[in-house]
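Presented sequentially are two complexes of chain A, the first with chain B as partner and the second with chain C.
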Partner chain A sequence: MEYLQVKSTNPEILEGGENGGAVTAILLSLLENEDVDGILNMKKHDDVYDGMPSYITTPEELLETTGSLHCAPIMTADIIAKYLKDSKIALTTKPCDAMAIDEIIKRNGLNRDNIFMIGLNCGGTVSPLKAEKMIELYYDVDPKDVVSEEINKGKFIIELANGEEKDVKIDDLELEGYGRRENCQRCELKIPRKADIACGNWGSSKGYTFVEINTERGEEVIQNAIDKGYIEVKEPSEKQVAIRKKVENVMIKMAKKKQKAQLEKEYPSPDELQDILTRCIKCYRCRDVCPICNCKVCSLEKEYLQQSPEEKPDPLLMHGIRMGHMAFSCINCGQCEDVCPVEIPLAKIYQRVQLKYREETGYVPGVTSGKPPMYSPDKEEVAE
Partner chain B sequence: MEEKKIIGFCCNWCCYGGADNAGTGRMSYPPNIRIIRVMCSGRINPDMIFKAFHEGADGVFVGGCHLGDCHYDAGNYKWRRRAHLIRFILDEMNIDQRRFKHEWVSASEGSKFQKCITEFYDELCQIEE
Partner chain C sequence: MLTINHSICPECSMGCGLNLISKDGEIVGVNPYKNHPINEGKNCKNSIDNINTIKSAPKISEYDYNQKITESVELLKKYDSNDVTIITSGKTDNADLEKIVDFAQEKDYNIVAYENNFTKIDSELIPTYEDVEKSDLIISIGDVYRNNSLIARRIIHAQQNNAKTININVTDNLAGYNSDEFKKIESYDEIINVLEKIETTKDTIIVINDINSTENYEKIGEYVKEKGIKILTLYKHPNTFSVLNTIQCVQKEELMESINNSKLLLVINEELSEILDDECLENKDIIKLSSTDADAIPIRAWYEKDGSFTNSEGLTQEFEDAVQNEDNQIKTISEILTLVGQEI
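So, the complex of A and B:
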């Protein structure tokens, strides 16, 4: 079995979760059967624009984490590498989380056997402040009234407290500069196949989650959950598999188009870019948040690479060095851009370098198996 | 016009020997190059190249052993992979790629070292400020 349609049997999960609550049900079965020490999952905090990564050890807490949070683009890879390295955990991963975890594993920062990854197909996330503004402008609704949101069939759908649903096409929102984050628009990985299982609603029957099983462990866990009665499954038809494939292909094609537009057509000229880069105030936030940056001692802090505090920060000694260390593995998660206080389009710069590197070596970060060629001891014969 | 400055990272076993060979053979090359000896071209990382440009180098030259001749087996292959990445980054940093050059020079190739540096110097002089 490679593809399955899964639905929870628990009425509480069915009510709170999306598309049959398969993800929560599988997590619950993992937790109750003690296959894992805990679960790292995203919990709604103040409202739908505020997600909080929470480490969960009881079924009650788990039920609070149901439902999607597209407006809280938080990544978990760094958190588990820092704090949960030695525990056996399960977690939900967007494609970018899965890529980040893969790159961290390649740098010996995590042990794959300790983590069970439930992949979530992802068409993109929305930055919270933009989402609030967008909902006010295009949905004519007070952002505070939104109780849940969903992205489906190219539309961003919100649900209000009184049960009313409103939707606007994402393409229209993006034309006006709203909609998904820019790096998500350019993202080519929509189904995280490095995760043990990949879940989503593309092609699925109503009330079911479409699950692609990628690893043996994934198959075991699903079988276990079926045997213990946590989930109901049915096989998808060939047509449904084809629909899912088609959705994925359309999205990838769109991403490639956006890459062309954002990284070539609208990309600043070298002189403009230099002006933008010299805005850098060297706050090091991009480094701190980067899931690829994994060194014990950071080169940026080495004495011979320091500048005097009165000197204007040279982008070469900040972003040049950073790129020399991570750009070939940049997964385009966009966090550097999110946290930059002077709004340097860092993700675009890094992704451009990565794409050039990819063209030359074929290395796709987080997807290609094996370490980046940058670390290889090989003596390959490539043309100069 | 101010004098051009070139920082040259030369590997101990080949290119540095090549520079020595040029010297003992009395082959003249532009005195603008400041040679820094490193044990292997595989020891050079992008940080060092960017630091050189930051400090005001007009050009950065890296010399290593010919492919297959590395004293440490594969150091120059590693360097070559890094050099490609450095070129991509220089593009984004608005630094002319012509200001960065790497070449394989063996310890007996004094004349090649002379030729390389002379050509590199001439090219740097042609780049408009």
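So, the complex of A and C:
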């Protein structure tokens, strides 16, 4: 049972679900059968641009979280590592979430046995404010009128309150500087195979979620949900499996092309980079949100590395050190770049180093089993 | 139970959003509020330092107000109204500010605030944050990079659109390192001479967060009017804009004078020891309302109440109690003043 097409048996979940509602139905099964203390997933807060991580402990709350939010580039790995470490929880994981969790586990920050990873395939996320601007400009629609959005067949599609749909090709949007976040354009992991199951729409029949089962626990979860009547399943045809594989490969090829463009051709010169890094206010937000940066005592805040507010920032004292400590494990989730108040293109800088390291060592963070060759046991101490 | 809710940072007057993570009714961390129109999920060091301070501070959710209110009422009754001065700040939100002003008027008390030498500015001189991105010449005064990083971000966007940038400051600073020109001056008393020498364009914007006297700030205001340009002031408190528009804002010397002329001070949301020598408070009776001083009468903290404030661009922003701790019995300023007012 490597691949299955899954749909929820609950009409309410089917109605709200992105595809077959499999994810919600499986989460409901885990919650109602008390396999988990709670669920961490993403909920539409004010509107479709306002995805909020939400920790859920009741079925009623869970039913409010169906559907995919493509304008919610929020990571949940650090939330469980920091605040839910001792709970048994299920969480939805995009590939970057899954890679992050894998790297946190390697640093002893989480216990894999405590987490059920319900993976979501991912073609990319859009920054919410950029999405609103893009909808105004290229769809000629008031962003507030959008009730749902999806990414399908290379298009970003919006649905309006009156049921009307409008779409624009993602390639065209990206040519104009809109579309997916830049790190997502460069992201090569489209199916989270470290998650217990990986769910998506690629290759699926209408009304079903295509599920790839990755672990024994994933198999148990699916079997339990079938046995207890939460889901119905059918096997995909060989053709469907092949279509899914083909789309995945095309996406990976596109990501590699974007890496070449953004990390080589368009990459800032050393002088430009020096100027850009002079903006750093040392707020440490990049470190705080980075799922790889989890040390109990961070070297960056050591007294002898501090400069006075009057001195010109020395990039070596911040990014030089941080790079040596973690760039080999950078998963290109883009969280650092998203939160940097002074627009330093951090994910580009760190991913570029990781890819060079990968060339030398073959280490793919969040994917390769075992610790990276440069891993230091000093870094094993994870923040409380 | 873990909850995540929207809030607004109270560390300056920019109005940046942040998502607060609370566990069992206590703030434990932040998560980026990526669709907040002002900061897109980005926060500066001051904002995060503030959350870290809150995280490590002792928590109270219950307090017996009866005795403190009785004592306060007795003190207030003891003095003539003109011996009583209320001192507040832009840390107070709009509803509480209105309540404080009403309370002062009703009881005929003096009321003052010290807002780092800034005074009210004509609204037509104030640009929006988006205008900053569209400006072709930005003159920053003070270290707006380090202290108001989210306006620095708008300046960076303007630079990416080929705007020219000049920083004026009395010390070397991050804004200076990141501007096309840095003009270091001995004292802000020279500011107007330096400004006079700059050739402005019609879209020039001055972005300021530091000045040594009201007089110099007002001179800059005149200069802005004369040149037909705009000025954006980043204040140290979220609601300074409203404070400047509602109560008399004084300089340090005048504040000291007000204190000297009073016998009882009602200090609300202000830390006088950060502004003045403690000596000038000797022999004064003080009633203090604060969410951070353990010796004061406790009030609801910013993140734990609903409210609104007016940011640097003059936009009124609303925020909600982001912690939603039902067991929190701590009262708001308005609630406390109502109780006190009823007793006098």
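A few points about this structure:
Following the convention adopted for this analysis, the second predicted complex is superposed on the first by the 375 of 384 C-alpha atoms of A that agree within 3 Å, B and C clash if a C-alpha of one lies under 4 Å from a C-alpha of the other, contacts with A are read in each partner's own complex, and residues count from 1 in each chain.
Simple rule for what comes next: a residue touches a chain if its C-beta (ideal position, glycine included) is under 8 Å from a C-beta of that chain, and two chains touch if they have at least 3 such contacts.
Everything numeric in this text was worked out from a predicted model, so none of it was measured.
When the two complexes are overlaid on chain A, chain B and chain C sit side by side with no clash.
In the superposed model, A:D113 lies in contact with neither chain B nor chain C.
Rounded in steps of 10, the angle chain B-chain A-chain C defined by Cα centres in the superposition reads 80°. Looking at the shared chain after the overlay, A:F328 reaches chain B, while chain C stays out of its contact range. Contact with neither chain B nor chain C is seen for A:D140 once the two complexes are overlaid on the shared chain.
In the superposed model, A:E216 makes contact with neither chain B nor chain C.
Look at A:E34: by the touch rule set out above, it reaches neither chain B nor chain C.
By the touch criterion stated above, A:D86 is placed in contact with neither chain B nor chain C.
With both structures placed on the common chain, the touch criterion links A:E303 to neither chain B nor chain C. After superposing the two complexes on chain A, the closest approach between C-alpha atoms of chain B and chain C comes to 17 Å.
Common to the chain B and chain C interfaces on chain A is no residue. Across the interface of their complex, chain C is touched by residues 38, 45, 49-50, 52-55, 57, 71-74, 79, 82-84, 127-129, 132, 278-279, 281-285, 288-289, 309-313, 335, 338-343 of chain A.
Of all the residues in chain B, the ones that touch chain A in their complex are 45-47, 50-51, 53-54, 67-68, 73-74, 77-78, 81-82, 84-86, 88-89, 91-95. Note for the complex: chain C touches chain A at residues 1-4, 6, 19, 21, 23, 28-29, 31-32, 34-35, 37, 39-45, 48, 143, 145-146, 149-150, 152-153, 156-157, 171-174, 177-178.
Partner chain B is touched in their complex by these residues of chain A: 270-271, 273-274, 277, 299, 302, 304-305, 314-317, 319-321, 323-325, 327-328, 349, 352-353, 356-357, 360, 373-374, 376-380.
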